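Written out below as structure tokens is the structure these notes cover.
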């Protein structure tokens, strides 16, 4: 069960409201790199967690933290919109630079939300929940979480660069920090479960008899003119410790030329196809 | 530039066509765990790759392989649909079990595609390209790729279990194998670039001055009644080697109670809000 | 800031797991009538609330409650999926009725989530955040909330009818009850702010000079052959107390026949259009 | 059956074409507050209407009117796009303010539609029909309709403020007026059916035995530190006349700590979860 | 301006209600081959039509007809849902075949719409307006319209086959007939404007100087092992009468190997990429 | 099976990087008129092709070419983003015109992709695969393909006009040329199969007994005040050679007034509807 306390997890201050930066910040709320995504992803993973219950607890605790991130970011968007022009007269009173900024603002911050945050990204595209990755496999889920936090910290760093408002920089430095921790805590779960070697290949419960292992450890060079890019993946022991990496170049297809024959009657095809 | 040869990368055989399994297979084509996603993800990452060009080459080569996976899976869907009833008469001639199976089939395999594969998932929801994760940061991208392949192998393993058609099992064992390799090859890039410790936190180029590092290494227990789940993430050196993990429980919010004051005139609010 | 406690807001018991009912329940999680929607809608309205801060508090408190509803519904979905067949062998061992039920299940509950809840509706379509209605106008927002809760209680009642599992009926009777309260609490806000007459027309802050009031109070019968359906809306005082209702039938259009003339050069039209 | 006459329902005049305002107007066509939504919502409600047929007639008549609103708004968008630059040369000839305006225009008005309206919102996001709310319950449907019209009039008022073109202001004053009527006509249906008290809780046909009425009339304060916001919803008779409002604070969860146990074999989980 | 008359354009009769066929029929309402699509497509094309106004009139007249098609199809869906079970008890009373049918029904026809039509396709995916193709180019638009009607008639024919209800067959035979006409009327516009030769290449207003005509008339064989499929497109005069068709096989790429160099500082890339 | 060679199909040069034009170019990658769409459309049509296999080969060959178009357009987007400002300082150093341009850029080109192409359109809306039209009917599919290429060439022509960068104009002239060919090659398939007269009505395999042919050849004038627009479609032989065109004006509806009666108990309707 969830509870709420009235203060924000972190302080939000905007020294110079900027409607264009409000639009940018939306990416951190409703973008695929944003907080709605991680809050919901950890929440749904927690609800489906099987095995040692401490991972369920951990997921739910951080899901709860991410809800608090949505909250202070939402406040930051509203503060950045404080002085946005609401009438043609107000807008006309401004200089060309302000015009440019309004051209780069999200019009729905005025038309739809009345100067507050929306669950959309920086293009105004609403977040959709297909981005909540929760497979029931703790290895796959932890990787999805590190990925989300990596994307999140890349975004927060770019937002930090795109503003020179001291309040916004301070808030973003907190987000950058929490993303640092969250990247590591999900990787730490993998480490605790025996490390990447033990986790791979995910799922590690697939019986080897279900796998055509003769195809499991070669890098396939599908290029007609490029040499194989040599690296850790072309030779040496595989990362799961089960085999050796190798390379296949200029391979012949292993399958047939596909042919579906004629169309069946009543299938809605043209007569010529039957 | 892309080229094509006429045979499938891997042979496809269906011993007993099953329209319900055709619906299930769609998840491997148009699901978030599917082949369109990885093909397009690696393709767009390749097009945006900066730094050592060998990673660009590697991405493009595997993108090309994934296009071939779409192709043989698409053929497998069509073969599973070969005998699906196209008229009420045909359907009525079947026994209740067949009815049940048709109830569980995707009606658009008859109504829209005429017995062939579609770029949709097992619920008939079309794939959308927001799932192509490509950040321009090679660390974040590699993690996104391992995640995609982990989800893919989980899916292929589940599909393997859900059929007893020998041809389908053979094809899926090939997919399981290739997903094994692909998981490892993206992790191998991280290893080659100095390993996870060097890569973290992603992006590793963010200046430390941009980060409120006093918030970077504690696990936040947001629960009112659960003890902190202890593990690798609660003490010991952080995975990036820069600090020590710790825990914060029953923390006080660091921010203010948010207050946006009254609504501005002309903002479309009710009079009582102004 | 959000917090969590470890027990569910309400107890969840499933006497006879039913994968088809798990699919139905998804509508209450990820449908437009579901709990993700109201949780996020109240949350975003709270973040944008201006005027008397008690409404912000109220919105945030109920948003928090709705998060708890997602949580126990998610658990109910997982419990309904407990015994779903995971292999072709298990499924084949079942009788035609079970087959029918599996045909009516969501295949992604097996293939994608590994027997747990997803943020999708009963058709497997992911929830998207465009359904979070938050206008910054407290009248419009309260109506949107009553609407959401009305839809929610209609859905919960239908779900109650579609199961005969005592545990599920008990849980749904709780949801029905809370939706009763939530419908009323949002309407009570309108009552407290002077009632519907004062609130209308929304926004009540629009200056009368911005409105062509000669068009504000007539019902327009656009039918060629149906008489006007008489009712409270065709005569008597308008609900905002500002005027009298009337009717217009067989009206003449008030505008021009539209004509955009020829296409401009360089506009990508056919030559014949220029 | 539908028919058409050649003139617009209301006259459209644009004195000073403005491509940025064309983008803003799109919200009134293809936004969730727009005319496609209400036209389709009333149309689908009418098609599903059961009970007294006069409500079906009323819905269809207003659906038909809303189609006419799409039509004149679509003409307004095209007129606002009349002089938009179609070549780099034309654009370069303009001053910085015009540049700013073009930066704020929808590029697809040039690239995709050739200077005419599209069924998208002000961010260019296409309208999707999940926003057509039609439940088969007349109470829920009428509330959904008032909500839609409240959102529509908020939007039209904001658009009115954002332009100083006399023609556009005139057209929007007509829209504001019709939204006034439409808000009231749907509420009048509820009044005619016995008023809000009789309608609540929606659906009013749910047997009381299906409801855990001990949970139906308390406001739940989920905050850890905020006092309950007192109001019409915390004491006094409930709006449905069946009970009294009360408050619950610092409540204990009523349910169990959820626990799904171990993962089943063949479920695609990691071995450690089994 | 639109008007309505109370009777359906065509009679609708359902002899044996079938909830599964109700789901199938949804494809003709809310599918990409369905009536919402063509109604809206012709409507938006009409609103953007420039050039001879008779094409605008024609588009609006047929848009209006398509709205009437939605209406009778919507009624057909509701009639097919008349006897669908609304409670677990009703459903349990039925035999396995009925169970199978309910497994194949759209659960939202019970849960969300209360036994009536929805603006979704046969998978329950809502129609979205990105499928309204309207370019401002009459050639491109007419082709889009023939395409839509071809898809529509393919669908109607398949639906005709999938039912043995005489009423439904009758209604579908009317739809098949109207799609016949609509396919031809859009092609007739092209014929009237000089025929396909004159219309091609679309847009025919693009100055030849904007086109690298040396690349305009060869078929590119991108296969490594398949001979060029010979046909009307490999030799002989081009369909626009401007040139001769030819073939290119095993072509060399004309461009460079792409290289974006190093990542810029502050771009959020990993240090190793800079 | 697919293969790749390292050079681009066509050379890409950008003389003056322009982030706003990068946004415009996205329409040609991820728009409905773009290259992802045609690549995937031809690919899925090929995988479902039945009848003479040469059409399958042709589809796959051109699908492969379109993948190469994505590739060089993706490079063009990245080159246009080369100098985009990445920090507030860089941006502030620029003049108002540059500001305007940045206001018109896609912020996610900085925030999400790190200066490279994304699978989205010019509004930042991700491409979704519902636009892959593949019916299994070669006539419908060929028309869908001509339509796609017509839209593509209209777009490419408009993009050509909107830039004065010589490199971009050169690249677009190549795209315009290839779209010329592709329009014709799909029409040539129809010609080879007997021409439009033989292909119509699509599907030409629908038995005439399934069609209410008395409704197949009249143009329906649904206007109340407009005369029928006379043309090739109002008289003379039909394009399929089976009949004569005629006109119907001021037609009476052929169907009943729809009436669904009362709502059933347990259907979630209001009591008043039962």
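For clarity, chains are labelled A, B, C, D, E and F in written order, and residue numbers in each chain start from 1.
We adopt the following convention: a residue touches a chain if its C-beta (ideal position, glycine included) is under 8 Å from a C-beta of that chain, and two chains touch if they have at least 3 such contacts.
This is a predicted model, so every value here is computed, not measured.
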Chains in contact with chain E and with chain F: which ones? A, B, C, D
Please tell me whether the contact surfaces of chain D and chain F are same or different in residue numbering, using the over-half criterion. different
I need the pair from A-E, E-F or A-B whose contacts repeat those of C-F. Over half of the residue-number contact pairs should coincide. A-E
Centroid of chain B to centroid of chain D, CA atoms only: how many Å? 32
For chain D and chain E, let me know how many angstrom lie between their CA-based centres, rounded off. 27
Please compute the C-alpha centroid of chain C, do the same for chain D, then give the distance between them in whole Å. 11
Among the residues of chain A, which are close enough to touch at least two other chains? 1-9, 32-33, 47-48, 50, 57, 60-61, 64-65, 68, 71, 75, 78, 86-87, 96, 99-100, 102-105, 112, 114-116, 120, 123-126, 128, 130, 135-137, 139, 154-155, 157-158, 161, 202-203, 205-206, 222-224, 226, 253, 255, 258, 260, 263, 266-269
If each chain is a dot and touching chains are joined, what shape do you get: line, ring, star, complete or other? complete
For the chain F and chain A complex, residues of the former touching the latter: 1-7, 47-53, 86-89, 91-92, 96, 99-100, 102-108, 110-112, 114, 120, 123-126, 135-139, 193-194, 199, 202-206
Which residues of chain F touch chain B in the complex? 1-9, 30, 36, 40, 43-44, 47-48, 50, 57, 60-61, 63-65, 67-68, 70-71, 74-75, 78, 112-120, 126-130, 132, 134-137
Complex contact set, residues of chain C against chain D: 3, 5-12, 32-33, 54-55, 57-58, 60-62, 64-65, 68, 71-72, 75, 78, 86-87, 114-116, 125, 128, 130-131, 133, 135-137, 139-140, 143-144, 146-147, 150-151, 153-154, 157, 160, 169-170, 172-174, 176-181, 183-185, 187-189, 191-192, 196, 200-203, 205-206, 210-224, 226, 229-233, 238-240, 245, 252-258, 260, 263-264, 266-269
Complex contacts: residues of chain B adjacent to chain C: 20, 23-24, 27, 31-33, 96-97, 99-104, 121-125, 154-155, 158-159, 161-164, 222-226, 253, 255, 258-263, 265, 267-274
Which residues of chain C touch chain F in their complex? 154-155, 157-158, 161, 224, 266-268
